[in-house]
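In the two complexes below, subunit A is the common chain; its partner is subunit B in one and subunit C in the other.
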Partner chain A sequence: MQKAVLSRKLSLLFLTPALVFVALFLVYPFFSIFQMSFTNRALVGANALNPQNVGLQNYMDLFDTQDWMRRGEMGHSLWLTAQFVIGSALIGQAGLGLGIAVAFHNRKGLLRELVFTLAIAAWIMPDVVVAFAWFAYLDPDGTLNQMLQAVGLRPQDWLFDYPLLSIILFNTWRGTAFSMLLFSSALASIPPSYVETADVIGARPWQKFRDILLPLLRGYIATDLILITLWTFNTFTPFLLTGGGPSYRSNIIAIYTYEVGLRFFQFGKASAIAVIVMLINLVLASIYLFISRSRQRQIA
Partner chain B sequence: MAMKLRFLLVCVFVFALVGAAYAQDAIELTIGGVSGVEVQWLNETVKPGFEAMMAEAGTPVKVTVIEFSGSGEDLRQQYVLDLGAGAGADILGFDGFWLPEFVEGGLLKPVTELVGDSALEWEGWSVIPEGIQAIMGYDGQLYGIPRGTDGRVIWYRIDLFEQAGLPTDWQPTSWAELLDTARTIQAALPGVTPLQLNAGTAMGEASTLQGFIMALLGAGHHVYDFEEDKWIVSSPAILATLELYETIYVTEELGEVRWQLVRNGRDLSFEAFSKGEVAMLVEGDFFWRGPLAPGTGNYAMANRNEVVTFALMPAREPGAGYRGQDFVSASGGTGFVLNANSDHPQLAWELLTYMFSRDTLEALQQLQPRIRARVDVPIPNDPVMTRIATEVIPLSTIRPQLPVYNQVSAQIQLMTERIVSREMTPMEAMQAYDAAVTEIVGEDNVIRIPLER
Partner chain C sequence: MASIALSHLRKTFGKVIAVNDVSLTIADGEFVALLGPSGCGKTTTLRMISGLEMPDSGSIYINGKDVTNLPARLRDVAMVFQDYALYPHMTILENIGYPLKVRGVSKNALTAQVQAVAANLQIDELLMRRPGQLSGGQQQRVAVARAVVHRAQVFLFDEPLSNLDAKLRLEARAFLKHLQREVGITAVYVTHDQAEAMALADKIVVMKEGGIVQVGTPLEIYRYPANTFVASFIGSPPMNLLSCQLDGSQLQVLAGDDTQSIGIERMALPSRLTAGSQFTLGIRPEHIRLKTTPTANSIRGHLYVTQTLGSESLVIVRVGDLLITIRLFQDEAPPLPDVVYLCFETDHLFFYGQDGQVLQ
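Coming up: the complex of A and B.
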């Protein structure tokens, strides 16, 4: 075994600031939220001054099977979140990002620069500005409907009749750049000779994608999927567009938590939701770690 | 090293001195949670007047007005967070029905505690009726000074009524007549929304008070039984009210559902009314003197006085309303409270009483005539507001001043939303409301009136 550069004591000393920081800003809030989730603490009313211990009541309310799938309840919200994540993160951002990256693989030119610039611009703009622009874009008298009418299609009330679809499209547009950049830099690391050899023996584009690019990208795809799944699961920006409505039809889990905690000020119940969300995220992160470790083992 | 330290100490000392001197120069007082013409009044009348008065008295102050342009729900949210964190302006524009839960939550303190008993000696109390004082009071304590009270009615467009061949001095005496009028407009004026009765969670308290409660009072009772001290969670009247919503928004589409469900729906409905795209809208007198006010409103109508007027909300049938009334209305009230976190509660109280002195209030009354808390400040030259005071207020009733009210109100908004969004039938929505409110207030605090069918 290799001898450590620093002594054990000294390395602990160097680690201390980081550990204190982690304890203060990560571990402590986590435990205080966990503890609060067993109380009826609120910010207004009598429970603000004298919160009581209610045991598992908050969790039982959240998992109340009778109205769990009703609009505005947690089950309904988790189901919307699942659709939102699958639609906007997995199919939207990862699919579109991969598509753009492969389409412009080994290519240069104005079109590539234009597409990349636009995708990155959508990614780096501030949330509020973007939401305002989309609000105007999807309005019944908005830009999208004007374009539809110009080509003879019927205008739609997007945010009212298709709220979930609207925020899925919005989030796809917003975040595709990350997957696109990740995949295009991964593709750049593939030696050009692989594809050139395939060209020589007359492989079709789909065959090249399936048999050369996809296997080499597999590890990156897993990383990308899990990262954007976690981000999308916790994103709050759609609130700026729909507020979770109309009638809770875009009430994804982050908006639901916000509403319970900061609109109704039921901190106890909101903490319970936060704990559940943390557990779901933990499961997703474990899958990510499991896949990436098994990949490392394969390589080794 | 020692030099540096000494230099630092000197710096700190100098800064402290300068700071203290500056503070003595002018103590800053802030007024928050205000909008519209009140901002104008505070900046043009109150601020210069009070600053001059205090400078003369030897205690110079600087008054800062912080405008708030969000919804009532947004403002309440900001106050909970501000006051919970020990922050906020010295004087806060406040809605009376928020008081109980704020007080119970330890976020506000009575004026006698912040200022002392001298607060009760203010000359204004003698000209503010006790019932009005109670708007900014809870549990026998006063927390601030009320602006005044208001009333809720059906606002309608005289020009649209004329076009539809309806009488312009319209006053329905039953829900059936109200709906018939809406149907006439629907048939005669395509593109015009006949009737808007607020519903849904997006509009917040506006759905509860100017929507559900206005209709429910006409069906015979309030949300709360003030004699039994219990919440009525299931009854023929609640069901009838929900069926009225169903008729308006689902079966006959006399109202525009979209405005009840989207975030900016209230503003959209105001705007549509001001443009003559809505014929009848149930709202408080705030609608008349705020958004529609010529010159100052967000949806100002230069011809407001000619084309807009109001009718009383009828009971379901004559005599079937709350307390056996033929017509019903609901009142709220707003005002200003003292922030318990204020560094200068005495000065803040002086500023507040200056705002509510007769002369200062007269200046505001010129900008926006309304029912003021002080009886010595009458309504000038506004026959509509005078009618609100003389015809509507005597019929009106207030909300239960209880800490759980806001939670119950949220359930009322949800119940109406479930009807207009077609998620539930009136019966299902009432059952869900019953279950939710029972969970909030406890089985011992609810009443169920059996359905006759």
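Coming up: the complex of A and C.
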């Protein structure tokens, strides 16, 4: 073992600022939310001054079997979130990102630069700017409808009639660059002779993809899926497009939490939602850690 | 089984001319080595035969059929890469069997064929392992086995032994040569190692700067190097090349401030050499005799260093600004005085003009 550069005391001293920061802004809010989720704390009214302990009441409200799947309730919101995650993260971002990365594997040229630049541009722009641009794009008099009309198709009120589809497309467009970059750098690490051997052997493009590229990318795909699942699960940006509506039809979990906590000011209930969301994230992250550890074991 | 013909192949990468006007015929069952220093175009030539690179101009024929515009998978060639390109996620069985799997051979037939080939190459014990668990020599055999199972018309080797250590390399050389004889397949082998090319090939193609410099059997190339490049590339140690000038009945060895003359009576001088013309004299290390006393037509030099190689020894002598290597077929060089005399065997002299080409 290498000898430590700093003594234990000194290293603790160096760690202190970070520990204080973590304690103040991560550990304390976590426990305070956990504690708050068992109260009826609110912003206004009697419960604002004297919040009372309500036990598991908030959780029971959330999981009330009668209302659970009604619009604007948590079950419905989780169902929308699941569709949103599967549509925009798994199929949209990961699928499209993998497609682009494989299509441009070992290729150079203007088209590749153009596609990569556009994807990365969509990824690095500020949320509000992007949301406004998409708002204009999907507006009844917006760019998309004008293009549709130009080719003789009927215009749609996208954000009103297809709110979930709209935010799925939006989030796919917004986040594909990450998966694309991850996969294309993973592909770049595969020796060219692997694919060339398959070329000489006589493998078809889909055989090369199925037998060589996909197995070698498996670990990267797992990492990518978990990361973008977590991010998409927690994203709030679609609020800027649809506000969760109309009539809760794009009310994904982050927006639902916001509504309960910061619109209806039911801090206790919102805290309970936050705790549940945290648990879901914890499960997803554990799956990710499990997969990446078993991958390391495989390599070793 | 196939013959190969290359006709005026040319390939550029941007402004770099990788291969320039290469024409070559390879007979059915022949083992041909493309030999040259790095960047001479040998690998690009091989990759054009495989179909992994497309030539800018020129044509490639396999068995008389024009394959210039065919993709790699339709050319029926097998290739072994320098890094072996074994798939880390597949077992050895799956690796060797992959060419069969691609063709839709059934699992049982695939396993049977792979086992037969693996037994022949003595790697049947390894079939359930993965490439990462194999030594370099074993990986090399697996890569060759995958090419054999492919039953292609042509084997292409891209420096397949350069990742092996010296001892394994010698073993692998014998193994490859034996295998090629046994399978009787046409093989094109790229290497920068002249000893490897000599040991393996029926025919050596020496390349330099994108073009072919000389084609011949290993012995032809060794005995009659067509120019100073080949002369200095083939043989270990390579031929001694001395700048000389013809001066009447004397041949002057131009060695900086120590110009010495030897008589030309017994030399078969090329007719193109006339008095005063400058040329390069080539002589292999084994064709110089070392004397401790001056004799007729010897040149004087200073002992520089001796090297003991076990079965033979090398003596390097400094003459002016030249270093001349002499090979002695004895295990150890005898004790030598500081000043020695070199006597050239006049039957074994090569004369190269100022353009580097051999003079007839």
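A few remarks follow.
The rule we apply is simple: the second predicted complex is superposed on the first by the 280 of 300 C-alpha atoms of A that agree within 3 Å, B and C clash if a C-alpha of one lies under 4 Å from a C-alpha of the other, contacts with A are read in each partner's own complex, and residues count from 1 in each chain.
The rule we apply is simple: contacts are C-beta pairs under 8 Å (C-beta built on N, C-alpha and C of every residue); 3 or more make two chains touch, one makes a residue touch a chain.
Just so you know, these numbers come straight off a predicted model, no measurement behind them.
Of the two partner chains placed by superposition, only subunit C is touched by A:212; subunit B is not. Within the superposed three-chain model, A:199 lies in touch with subunit C and out of touch with subunit B [touch as defined at top]. More residues of subunit A lie in touch with B than with the remaining chain of the pair subunit B and subunit C. Judged by the touch definition given at the top, the superposed model places A:6 against neither subunit B nor subunit C. Once the two complexes are overlaid on the shared chain, A:27 sits clear of subunit B and of subunit C alike. Touch criterion met: A:71 reaches subunit B, while subunit C stays clear of it. Using the contact criterion defined above for the overlaid structures, shared-chain residue A:15 touches neither subunit B nor subunit C, since it reaches no partner. Common to the subunit B and subunit C contact sets on subunit A is no residue at all. Against subunit A, in their complex, subunit C makes its touches with residues 50-52, 71-75, 77-79, 81-83, 85, 87-90, 98-99, 101-103, 146, 150, 156. For subunit A in complex with subunit B, the residues that touch the partner chain are 42-49, 67, 70-72, 157, 159-160, 242-243, 245-247, 262-265. Taken together, the subunit A residues at the contact with subunit C in this complex read 191, 193-194, 196-204, 207, 211-212, 215-216, 218. Those residues of subunit B that touch subunit A in the shared complex are 73, 77, 80-81, 84, 101-102, 104-107, 200-202, 258, 261-263, 403-404, 406-407, 410, 414, 417-418, 421, 423, 432.
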